[in-house]
Each structure stands twice: as structure tokens, then as C-alpha cells.
Amino acid sequence: MRIGVLTSGGDCPGLNAVIRSIVHRAVVDHSDEVIGFQDGWKGLLECDYRKLDLDAVGGILARGGTILGSSRVQPAHLRGGVQRAKGHVADLGLDAIIPIGGEGTLKAARMLSDAGLPIVGVPKTIDNDIAGTDVTFGFDTAVGVATEALDRLKTTAESHQRVLIVEVMGRHTGWIALHSGMAAGAHAIVVPERPFDIDELTVRIGDRFEAGKKFAIVVAAEGAKPRAGSMVFDEGGRDVYGHERFAGIARQLSVELEERLGKEARPVILGHVQRGGTPTAYDRVLATRFGWHAVEAVHRGEFGHLTALQGTDIRMVPLADAVEDLKTVPDQRYAEAECVL
Amino acid sequence: MRIGVLTSGGDCPGLNAVIRSIVHRAVVDHSDEVIGFQDGWKGLLECDYRKLDLDAVGGILARGGTILGSSRVQPAHLRGGVQRAKGHVADLGLDAIIPIGGEGTLKAARMLSDAGLPIVGVPKTIDNDIAGTDVTFGFDTAVGVATEALDRLKTTAESHQRVLIVEVMGRHTGWIALHSGMAAGAHAIVVPERPFDIDELTVRIGDRFEAGKKFAIVVAAEGAKPRAGSMVFDEGGRDVYGHERFAGIARQLSVELEERLGKEARPVILGHVQRGGTPTAYDRVLATRFGWHAVEAVHRGEFGHLTALQGTDIRMVPLADAVEDLKTVPDQRYAEAECVL
Amino acid sequence: MRIGVLTSGGDCPGLNAVIRSIVHRAVVDHSDEVIGFQDGWKGLLECDYRKLDLDAVGGILARGGTILGSSRVQPAHLRGGVQRAKGHVADLGLDAIIPIGGEGTLKAARMLSDAGLPIVGVPKTIDNDIAGTDVTFGFDTAVGVATEALDRLKTTAESHQRVLIVEVMGRHTGWIALHSGMAAGAHAIVVPERPFDIDELTVRIGDRFEAGKKFAIVVAAEGAKPRAGSMVFDEGGRDVYGHERFAGIARQLSVELEERLGKEARPVILGHVQRGGTPTAYDRVLATRFGWHAVEAVHRGEFGHLTALQGTDIRMVPLADAVEDLKTVPDQRYAEAECVL
Amino acid sequence: MRIGVLTSGGDCPGLNAVIRSIVHRAVVDHSDEVIGFQDGWKGLLECDYRKLDLDAVGGILARGGTILGSSRVQPAHLRGGVQRAKGHVADLGLDAIIPIGGEGTLKAARMLSDAGLPIVGVPKTIDNDIAGTDVTFGFDTAVGVATEALDRLKTTAESHQRVLIVEVMGRHTGWIALHSGMAAGAHAIVVPERPFDIDELTVRIGDRFEAGKKFAIVVAAEGAKPRAGSMVFDEGGRDVYGHERFAGIARQLSVELEERLGKEARPVILGHVQRGGTPTAYDRVLATRFGWHAVEAVHRGEFGHLTALQGTDIRMVPLADAVEDLKTVPDQRYAEAECVL
């Protein structure tokens, strides 16, 4: 068989592990041929590709980034994109395409699948918010990086007798905030799914100081929002000065909490360190399994599906199921964290 | 309510996180009283305990070891051990006991439960071989440590043009070997569940060198065994000199492979570093959830069960189900690793 | 002898290692008594202290923060501060005081020393800018944290085809920027000591993209400044909107470079993670040696000095020499980095 | 100019950083041409080399191992080796050779230099025992790996109430043992330079247990030896069974201490993990500086020297000075560690 692979969307630890695994399984065990498209869908649309053999994937298992490059180009962005993709698949004699990507990529995958292309998707997001799979690779690494940072920040917050508001990734869901906050013992966690009450947050942190503690750590998902009208900045994310560029929940909360508590409060924005670099062992194993099973699905002709972790098994889930809704954090998980507002 | 907690058996990253979580949930949310027995069952049998309040568990979330100490003493070891345990539970007015431990501990827990004691178990093993739960805390940390070591060993093996046989923990099951071997891209993995054929292993490594590669990494679970009669040492684990103390699969394999391949082969025994120190974020979250749910089970009166991860949920599983058989690695998982013999 | 110890100023990995080392050397080897003042000079001024024995320093070697607490209070802040300090030293029968702190602390130490108090200083700063010593503890940890972050950011910058401007600590000197930038292979490093030319920086990054590279990493010390008039924001650190709070060299540079290069540019501010948490082995060894030698200096009566690393030896340097000028990065070191502007 | 580079001897974190730095400085700044010999001196003797341009050293700064390969072949091993080397240098029109290696390599370098070849050496050893330089790259990484392992082992030793004897690298000198032991707070450190007294060691550990402590960690350099006649095994390193292969100070000490103390004692041999993998930031900076200065020395015609760190400066030291004697740990350093026997 002849299989095309591409990686699309933002960086995510484990992408190279998936590519390597696909090549190992397909080339060694099935004697398939594998080609990799450059820079995501762009490579498919422009027929920019190269052959992927064992040498091409040597030494990449533990490396961050993607040897195939990535872009945010989607087939629907170009007039006639879908037709062009179909044409190239036919020209290249491809029996299957395996796109590795996030929500947008999988929606495009579904569209192409509906248009008749033989597609097996591999879900990718550090945010862990793709439905149908228990976990996505990259998430464990992101949580690990955030937790290590929180561990370090704790001693600093304590020495400086401060409130630190640490902003972690998660525009739509609070998975990284929840896990890293739990792992590091944060004193409050605010997430997009549950608009927080600034009064409650103030009381919670204030109580902690009154109990004699010298510091507090608040973990805030970047998409966390206060309940409407409860803070000095409005819901649009603009601060009191109407300034947008430097907006961000951690900076806003630090201004607000400092005024309310009369304690120094400082924002820390972890940013892109959460999405790059060497994947954890967990993510490498998950990514490797996804790659292996994607090849198997191709050989079974099980197209229009994506690989998913369910319990300890990898199962195939219809693309349609994965792209309907984001997987948000269930209430039970917040209850367990005990410190979410 | 009044709850007694104890940790029993070998060290495992996450023990302190469970203890902290139990105290947080019980004391803060349920106004329970929690006491901790010293050195496992020994503390219960000798009525050696102390009160665990919030201060007692401050700052321990990320710390290895256990603040309660541990031992390998089991109630059945002492004449009248079960009766004595029952007596102390009554004297102390305990509504529940939460033992945190491995297979032996959970068997003892089952025995005490059958004898009428109100017990909720929390499974603990870095080996990941307790049935009923997808994963146990400590396993992810052990795999992470082993993988980091393997990452380092790869460049050394390559520079020295050697075969390295790296022995990881796992007396009865190959979970750590499988996951760390997959994560680090080992060239062969040998495990207890599937006695390996030394001839096949030699061919596999030999083929690699013939293909121009300069090194090979074999990951061996400490309990891995060759098929009967296939190596110079017999199944009892003694080497050709009849020497037992320094036995070990990695040393034996390095002797054998060096002679068969004519290449330098060296054993590396990772040992206890796999079971100590700071837990990964994954293990801290899992341990924290186990502690939370153990307290809930106590309040629901759901005794005779242990906490278990199933998919993304924590569920209660009968103690009997967990201690019947070890959870071995299913064949499918070996197939995915592609390099197991 | 009776020795008082205090830690003053911002958090710095290795503080606890110094305290532990002082207690070990003084109590075990010299049968001294050691007391620790709470929250820096504040504790001395308010006579707030506790005894430090071996148990008090058990398990703290690898822990971030300081068990003694810290503050930014200086004796000169209080009317009669110096007299009060002298009074408490006499009342407590102290033979020596060992303050562990940065530039401000050492200046205060010098003033108290000049006023007749028996003082041996231990220099502390993650910025590595105290004169008289080759290195200060905390610096290696800060560089390590920044380098690890840069390693991760590289794959992300590459995948996203961006310029990342990474702001590291260093208000007055570029040591952390220089070392982490060299260690991670940054493409440009800007530091406080040498105002950079934005045109040169633009050309350098632009050349890189023209050579076919897909990303660039600029490391900027927080105190780095453009040559006067060369950027859209003035030297006062205000941006074009006159907005100060969200100012910062990384954000300013990202705005400027994005407009000039026509490439996405993003700021990453590493912030407080650089100054907290577990110290590296290097910092623990240096901190331990500083503590040991401070006690020896006390016993030799060598007051008015601070511990300093010179080559591989710890020597005593007059406090006066250390607080005159900051230790800036010599030009030779920039030449070696090859990428400083 | 035309410069040849080679790496010789065992693996050492930072080798690739030196190679990269040489190429950057020589090619970019001096418009030199650089070639790399394959597998150390072997490549020079067999004229096996390739051109090293910027692309060849892209992305290798943080990678362990050496892209040039290594071997233990020395010119003196081959009849006419020196003449052959001279011939190839002439044939290739080389203006200089930069060998990067340990004691053996530098001795060979000196011999070739004495024979008239233009040589600038770069010292390499994780053991830190090359004279003339304060530190060698690779050492900091080795100490870091050993310290992290010791940190983990501490919680395990405590939980299991054991003596752990941890064997670290250092056949002739105790630098790694000293630094990692100090950094991790070991309770005894034994090194090759100072034969230890087993009775004293037993008393020291015994006292610790009598003081109520539950565990002890002994760090042993692999070359550490007991004073003659003081242990059950003789000085030749053979155990009581006359068995050599599995010999090793950690195993011998664990047998001896277990019998003498009546406490469980277990050996842990860290082995090759100490010499592979990603270098620390410290080692990357030092390696990069060595490479830069080696190229400068070539351009100044300062042959017959090696790069050396002295304080914060890189200086050139005659090869003769570096290979006379090993740099052993001075007594003062042991005194500071307080726990060496």
C-alpha cells in the first residue's frame, strides 16, 4: 500500500513519535510505502512531499516538533481545495492519508472523508479537549512542564510572600489547569468551563493568609473568565484601559487580587514552553500506539475514523464523533480538585 | 468519622500524595479525624499512630517516600494478628482503615475485611500489575526514570559501539520494560510473561549490526527468563559458576550475547532509582484522586473494595477481584512494541 | 561560639543548603550554637529568632526557598536600626552574624561591619553580578531552567515558523541571558551592558530567514535596552501608548520585530520560575562550601569579609570589594557567544 | 585555513557542542574549512573524513554522543602510525588538528605535537581528572545525573530502612563521588585517593542508626579501595570467592556492611547513565567556549597546547602539563564534605 502522512496545526510533543511509528509499522511489517507531505494540508494541496523510510525517521522518537513541518492551512481555505486534494491522492496512487492534527485538522479530515478520500485521523492536542479519546498525546508533557514550573514557583511565592497567578494553556477547556493545579497543590484553579466569582476567589485566598500562610498559587487556564460584571474588566477580555494586546487572565487577576487583598500579586504566563520539546514517556508510548493502530486501520480499510485511547485500549472512533463537541472537564473532576471556583 | 491510614510494602512515588489527599478530603470537607499508623500494619498491630491534620501533610505532595513509614509486616505474620488488629480498631473507635499497599498488603486487607473490619484499599505498585485498575500510581514515575536513563544510554552505546542490556524492575510482569522500551525505542524487550529465545534475540541484534547500526539496546525486565535450556545458565537463575548472589538477567544476557555476537555487551541495572523520589504529575493526580475516592467510599460505607482507575473514572472494585491474579501484559501490547521476543 | 544566621532579599536556589552547611559545620565540628533570624534583617531588628540544630536543617539541602524566611527590610530603613541591631547582638551574646543575601544585603552587612559588628557575609544572587566571586549559587539553577525552556521553545518556534523573544532575568547584567543563550544556541542575545541596535538585530534575524531557516530565537535580559532613539518606544521603557505596566523588553521587541520583518513574533517571559525550586548539584555544592567557609572565617575572626569562589577555591574577600560595582559581562564573553548585538 | 577535528575515547556530554562551536567559529568568522575524522585517531590514520559545514552541525548542540564517532585506537597502536598521520595531514593540506579527548588522547596529541604536527587539544573527561584545567565538560552532567539518582534513592533507602551503597564513576579520582555526595547529602563518601578504613565506616554508619536515623547512603567512586587487609576481599578487587567479573566496590561494601551492621545493605551501580545524553547548560557553555578558543589558538599558531578553564577565563596550557599527572581531589575539598572517610 501507499500511505501519505501529514502533521497540521500547532506544535505538540509526540508528533515525531507518531510519524516514526507509522513508518516502522507500515514499511517493516507491511512492506508499505510511506510519503510525508510538507507543512500539513499545504503539502497535499501543493503536492509537496518526500518518501519516508526507516532512515528518515531515525532518532526522532524523543524529539519535539515535527520533521514534516506544519501549517494552519486547511483544504477549505483554497478554492477547489478538496478537488485538488482528491486529484493529488489519485495522481500519487495513495491508498490512504493519515492526517495528524487537532480539531480543525480533524474537521478537514472529516470533510475530505465525506468527499470520498480514504482517511484515518490521529488526534493531536496538548489541550486534551478532543472528544472520543480519553487522552491525547502532548497533554501529559504539557501538564508535566506546567507542574515543574509550579513546583519552582511555590518556593518563590513563599519567600516573597506573594500571590502568584500562573496562566497555563487551555483556551476552551481547563484540562491542563486542572491536572497541573492538582499535581502541584494549587490553592485555586480557574477554568473556561466554569466562570469564576472574583469575590469567592478573594475570600478563598484571603482566608488562606488569615490562617497564617504566607503565599498562594492560583492556576488560571488562559480561557478562564470571571462571571459577567464581577471584575473591573469586561468579558471581552479588555482591561480597564481598553487595551487588548497585553490582556490575559493572569495579568488581569493579579491587578484585581492585589487591590482586593492588599498583598503583592504577580502574573506568570508559562506560554509556549508547554507545547514544545521532548515528550514524556507517557506521550511517546501513546503516540507510538496511535501510529501503529492508524496503519492497522488503513489495512482493514476502516476509513473515516480516528485512533482513540479508551481505558487501556486503542479503538477506532468515527471522525464525526470527535469533532462535534469539545471534551470539557466533567464536574466530578473539579470536585476532586477541591480548589476550583 | 475516624479514619486510620497506613502505608505498607516497598517505596512508591505518590504515597504521600494519597495520604495528603485523604487528610484534605476527610478533615476539610467531612470534618473527619484521621490518624496515621507508623510503619504499615506494624503500627496497627502495635497501636503506634499519630494524628494527621492539615499541618502534618503540608508540603508533602511532591515528596517521595512516605511520612508514615513502611514495613513488610503483615497481620498474618503474628499469632493473633487479626484479633489484635480488630481490638485496636475497636479501642481507637475507628470507622474505617485505609491501607495503601501492593499485592501482599491488599491480600491482608482482604483477610481483615473478611474478618469484619471496615476497609477501603488503595492499590500501590510501581510494577502496574494489580488487577482491576488500568494503572497504579508510581508506575508512570518508574517508566519516566527508566526512559530518561535509556535516552542517556543510547548515545553512550552508540559512541562505544556496544550492546547494552538494561535491566528494569518487574519481577512478574513486563509493564515497565514494555513502556520504557517503547518510549526509548529499544531494539529488543524481554519480559517475564514470555520466555525469550536466545537464538532469536541473537539474530535480531546481529541483523541490526549487519544493517550497519553501531549499537543496540535491550531492555530486560528483572524477571525475564529464557526458554528452558536455551542459555548457559539454568532456569533457577544461577550462572555457569553456580553463583547466585550476583545473578540477574542483564549480567547473564551480556555474557551470553557478547560471546554469541562477538560484540562488546554490557549490563546496566537501573535498580532502586526507579522506585523513589518525586512523583510525576500523572502519578500525583492519580494518587490524589485515589485518596479522595477512598474517603468517599468510607462515607458511603463501601468497604471491602479498593480504588481503581477505569478509563478516566475512579471506580470501586472488590478487594477479591484485585488479588486473585496479577495483571500481565496482553499479547496485543507486545505486538505494538514490535520488538519483543 | 554563638552564631546568628539570616537570609535576606529575593528567593534563590541554594539558600537552604547554605543554612544547613553552616549548622553542620558549626554545631557538629565546632560545638557552636547557631540561631536563625526570621525574615532577614527584620528578625535581627525585632529579635525574632529560633535555635537551629541538626534536626532543624534535616532534609532541606535540595529544597528551594529558605526555612528562615526573607524580607527586603534593611537596618537603615528603621530609625536607630543599626543601634538596635548592635543591642540585640550584645543581648543574645552573638560572636558572629552570617547574613546570606544580595547586593543590598551585603551593603547593609558592610555598614553593620563598619559599625563594629562581627559579620561574615555569604553572597547570593541568581543574577551572578556580585563582584569578587567567580560565581554565586542560584545562577547555575537559573541558567539551567532558562536553557531547558529554550530547548523546548525551539521546536515550537520551528513548527510555527516564528520569531520568539524570550525574556530572562537580569536587570543590570546579562549573565543569565549570555549563558542560557549560548547553551541553547540562541540566534541573538541582548543584554543591559550593551545597548543593542534594532536595525542590526533586524538584519541578523532577516538574514537567517533569507538563508532558509524557519524560525529564530532571541534571548533578552529583562534589562536589555535599545540604543537611544532606535525603537518606537523610548528609553524609559514605555511603549508607544505610554503604557508602563505591561512594558518589558520581550513584548516591545516582538511588536517591533514583527512589523519590521513581516514574520510572526511572540514574547515569552520566563519570570519567577528561574529563581525558585530545587537547586542544581552545582549550586548545592557551591552553597555548601560557602556555608562551611563562612563558619571557618568566624572561627578565624576574619570579619568584614564574604565568601567567594575564585577558580576552584573558596576565599574571603572584603565586603567593601564586593559592593562597589556590579560584575558585568566582559566583552570577551560576548565575543565568544558570537551572536550578541 | 583547513582544520581537522576528531573525538576520541569514551562518551562525554558536550562533545557535539565542541564540534559545533569549532565549525561556527572557524567557518563563519574565519572562513576556514573544517573536516571531521571518523572514529577518532582511526579516521586520521585511515584518512576517513568528511567536510563539516554549518548544516553538518545543525541541531547537535544539546545532543549527547558525537556525530564524528569515537574509538580507542591511538596512533602508537599502529606500526608507523605517527608517520602515517603526518602523511595524511600533509596530503590533506591541514593547518591544524584539534583532537577532543581524555588523558590517552592528549598523550597521543602530545606525541604527535612533538613529532611536529600542528595540534591544539581539547580536554574531555567526565571524571574531571585532567590537570591544568579547573573543570572539564561532561563532569557537571555526570554529577547532575548522579545527584538526581541519589535524591531518588534517599526516599527509597528511608522507606526500606536500608544502607544503600551507590557506586559512581571515577576509577582514579573521586571528583564525581565528592560532588554528587555533597550535593545529595550522602552520609559517607569513599574515593580512590584515600583508602578507607572499613571499621571507621562501620562506626560512622552505625552511629547514625543509633541516633535514630532509619537509613544511610554511602557514595563510592568505582576506584575506591579499603586500606590493605581491612576487608574480606583483597586489594586486587576479587571477592572471597576469587570471582572477578562481578566485582565492584559497591557490591563488596554491601556484603561487608550488612554483616557488620546487621542492617540490610544494597548496592546500586549507576554506570553508563552518567556519561551519556544531553549535557547540562554548564557543560554546553564550557564546551562551546573550548571550541571557540581552540580555533583562536589555531589562528594564533599556539600549537602543542590545550584549552583550559582557569577561574572564569579560558587559557591555553601546554599539553605536557596536562598529561603528567592526574588531578586528584585536594584534602581541603574532603574536609569540606565532612563525611569522607
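Annotations for the structure displayed:
A, B, C and D are the chain letters, set down in written order, and residue numbers restart from 1 in every chain.
In this section, contacts are C-beta pairs under 8 Å (C-beta built on N, C-alpha and C of every residue); 3 or more make two chains touch, one makes a residue touch a chain.
Molecules present, by chain and UniProt name: A, B, C, D = ATP-dependent 6-phosphofructokinase.
Since we're looking at a predicted model, the values are computed, not measured.
Using mean Cα coordinates as chain centres, the one most removed from chain C is B.
Spacing of chain A relative to chain C, judged by their CA centroids, is 34 angstrom. If you average the Cα atoms of chain A and of chain D, the two centres end up 41 Å apart. In chain C, the positions touching at least two other chains are 151. This structure has the following touching chain pairs: A-B, A-C, B-D, C-D.
Residues 20, 24-25, 28-29, 61-62, 134-135, 140, 143-144, 146-147, 151, 179-180, 182-185, 280-282, 284-285, 288-289, 292-293, 310-313, 332, 336, 338 of chain C touch chain D in their complex. The touching residues of chain C, when paired with chain A in their complex, are 10-11, 63-66, 69-71, 145, 149, 151-161, 164, 214, 241, 243, 245-246, 251, 255, 266, 268-273, 275-278.
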